[in-house]
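Same chain, two partners: chain A is paired with chain B first, then with chain C.
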Partner chain A sequence: MAEDLVLDTAIRDWVLIPLSVVMVLIGILRYFVSKLMRSSPTPDAKMVKEGQVIIRARSLKFGANFIPPRSFRTRRSYFSNEENGLLHVPKGEGSNPQAQMFSDPNMAMDMMKKNLSMIIPQTLTFAFVNFFFSGFVAAKIPFPLTQRFRSMLQNGIDLSTVDVSYVSSRSWYFLNLFGLRGLFSLILGDENAIDDTQRMMQMGGFGFDASKSLSAEKDGLDILQHEWALPRFEQRAESVLRKLVK
Partner chain B sequence: MGSSEKRPKDAMNDIPTFSAENLQNNLKVIQNSRTFLSIIAGVLAGIIGFTGLTGFVFYFVVMLITSVGLMAKAGFSADLYFDSWNRVLFDGFLGGLMSFVLFWTFAYDLVHIF
Partner chain C sequence: MVTKTEETQLNELENQVENGGGGVWEYLCLVRKLKVRRSEIVLKHGLSILNDPGKRSALGPDEWTLYEQVAIAAMDCQSLAVAQNCIKVLQKKFPESKRVGKQEALLLEAKGMWEEAEKAYTSLLEDNPLDQVIHKRKVAMAKSQGKPSLAIEHLNKYLEVFMADHDAWRELAEIYVSLQMYKQAAFCYEELILTQPTLPLYHLAYADVLYTIGGLENLVAARKYYAATIDLTGGKSTRALLGICLCGSAIAQLSKGRNKEDKDMAAPELQSLAATALEKEYKQKAPAKLNLLTSALRSLKIS
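Showing the complex of A and B:
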């Protein structure tokens, strides 16, 4: 039974549009607040050194084929030499990232700030929507869904014969939550397309685990086979120049 | 990609070398264009009044047109501008889907129900 309900224009004026506008504005606000609140952590000299060593090792891996075999081997042994190679971390000294994380007050504060700035607006808006906008049909989604979604999408509406396409404002809120991601990436510039869902996924793995990444780089270098890609570069240069001159 | 031809891959050597910064820029361009077009497609679908499966088919058609457009802009040789073909064709498909659905619902409701 798919009769077409006719909904009041006031719903459109006072529910759909304000809710979307509010969510966009809150997103923009959150972006600026997080930008203001971002405290620059004083970098730890040891961490910076290790980071730079890793970057150097990666560049070596990337450009390995452009240097003669002997120089590559020299550089590689500089990095992965057993006694004093830069990437070699003795077993006992691997720093425990978890302990470091919690003993460092700056990092803990940053994490908490990030979490709060993410969760609070979401919770507040959700409560706001539930309080003000419950109990009526808010919108019609243009595609049909199965009956199982009824309890999720129509929570304020107590009639069970209404088509599942007619949803309450809570589902309009969720739809906005996911759909405005793309809009934010267009408005706020490309770096800040991250929103709640992506940040929630990122919360699982964090922390700069120095020792593991060092040994990973070392293994990568050890595995690398050197293929000398410019064996006859004089002839190659000659042919390129000839092509250019022609 | 734009008017300043940013080629991450140097075609003079036979060895593939990539400039990471240009590659990233090209990917950003793809994502921006896809997002923008999915929003516009959503509004269009809502105004025309597609419902159900037709709307999703419309979305895929628009995404395909986007892919063709991007390929044409890249001169049909994706190797010069990107590291793999799949990126040009399929990146950002699903990301745009949510925006499409949102604007589709919005436009459809505004025009047809209210």
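Showing the complex of A and C:
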């Protein structure tokens, strides 16, 4: 059914634009509040060391073929030695990140703050949209959609015959939710352009789980076969020089 | 490391600034970003901006960064009064600031008041035990007081935590070489090669150290690393070419009594090619010294 509904321009003036403006303002407000509330992260010495160990182990893996075999073996045993190797995580201690999360009050507070600062504005805005802007068709999406989206996009509209391309303002809210990243990067400077989607992804990834990366690096090193690349260099140097001398 | 485009850009700006053109602020920002050490120019032009209240207020909040930059440049050029003034201004604006505290400690160091500076750095470290810059300043202090062993101790402690900092490894390697602790220096250079295997500088330095330690195995390895340097620089490294000739003759000397098949002759012509390339280069660049070179090479081949 492709009837063309004519939408009042007043809808655009009083619904779409104010809603976008409100969301942008809330984003900016949230940015400043988070800046104020953010406790400067005191990096734990152990975590810094683990991070650096991982970097060093990784570069060992990549550059292994450039150093003599003896040095490589020394380094590898330094890293993966069973008793006191740097990468070796004893079985019991393999830290359970969840437990650590809750036992460390600082981190728990941080996590809570971050979650709250995201959930509350979202909930409020959603309620706001539902209260003020429901019950009418807000916009028309330029491309056709299937019927499955009806329940999501046409929430306030109780007519089942209306084309799915005509959506309610709730979908405009969702569109803004996911799309304002570009605008934030303009306004707040390029580094602060996280919008809600990225924040939601950040919510999932709990702290830096070092023990898993350590054991991953250790396995990577253990299976590495050392093949000294330097003898090849001698021949290459020969050919380079031959070309030079000619 | 500064890339080539950045270097040309820097030089252009520098010429422009020195010859009275504008662009002083861009130059200062670039110097700050690239962390190069151009203290005289920074001092001269930075001061001219700071002393002119109109230009100074035009900078806005960057004014304080400029004060910091000029203070460091002044200390580098030993204009301690200028540095003191800048730091006083910063102190007035940001009392209790760790960053300004670092500047003060740096000034104490520049004046040569080692104990006070040491105390200042230690107290700063208590507040912030993971500050890399302060650790490095302590090492630099130990080095400038002529206590390389103390510097080594500090550096080792630093590297236990921050083991991915390749500038620190490089510094440690150079200190070891200056103290003739070649085996440790070799270890450091291996670390550097691991992090940046395509940089010929580290291969060359490693080869030098291996050659200095001596012994047949090390000489063979040194030869390989000289070859790697030649490959990475396209044959332009004179030092590597000479290194190959020297290695070749040293190996020949050491293995006189042994079996010829033991020698790793993967590239038998390398030595003669290196000699020819050297002669060609000397002919181009320093023809007066060509005789010296040919006689030296001849003596190497004979022995």
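Assume the second predicted complex is superposed on the first by the 193 of 246 C-alpha atoms of A that agree within 3 Å, B and C clash if a C-alpha of one lies under 4 Å from a C-alpha of the other, contacts with A are read in each partner's own complex, and residues count from 1 in each chain.
Definition applied: a residue touches a chain if its C-beta (ideal position, glycine included) is under 8 Å from a C-beta of that chain, and two chains touch if they have at least 3 such contacts.
The structure displayed is predicted, hence computed values, not measured ones.
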Which of chain B and chain C A:241 touches, first, second, both or neither: second
First (chain B), second (chain C), both or neither touched by A:48: second
Which superposed partner A:73 touches (first chain B, second chain C, both, neither): neither
Contacts of A:233 with chain B and chain C, given as first, second, both or neither: second
First (chain B), second (chain C), both or neither touched by A:35: neither
First (chain B), second (chain C), both or neither touched by A:56: second
Interface residues of chain A shared between complexes with chain B and chain C: 230, 240
Contact footprint of chain C on chain A as seen in their complex: 43, 45, 48-49, 52-53, 55-56, 59-60, 62-64, 66-68, 71, 230-231, 233-238, 240-245
Contact footprint of chain A on chain B as seen in their complex: 12, 15, 28, 31-32, 35-36, 38-39, 45-46, 50-53, 55-56, 95-96, 98-106, 108-110, 113-114
Contact set on chain A toward chain B in their complex: 4-9, 11-12, 16, 20, 65, 139-144, 172, 175-176, 178-183, 185-186, 190, 229-230, 240
Residues of chain C touching chain A in the complex: 129-130, 160-165, 187, 190-191, 193-195, 197, 221, 223-228, 230-231, 234-235, 244, 264, 266-267, 269-270, 273-274, 276-277, 280
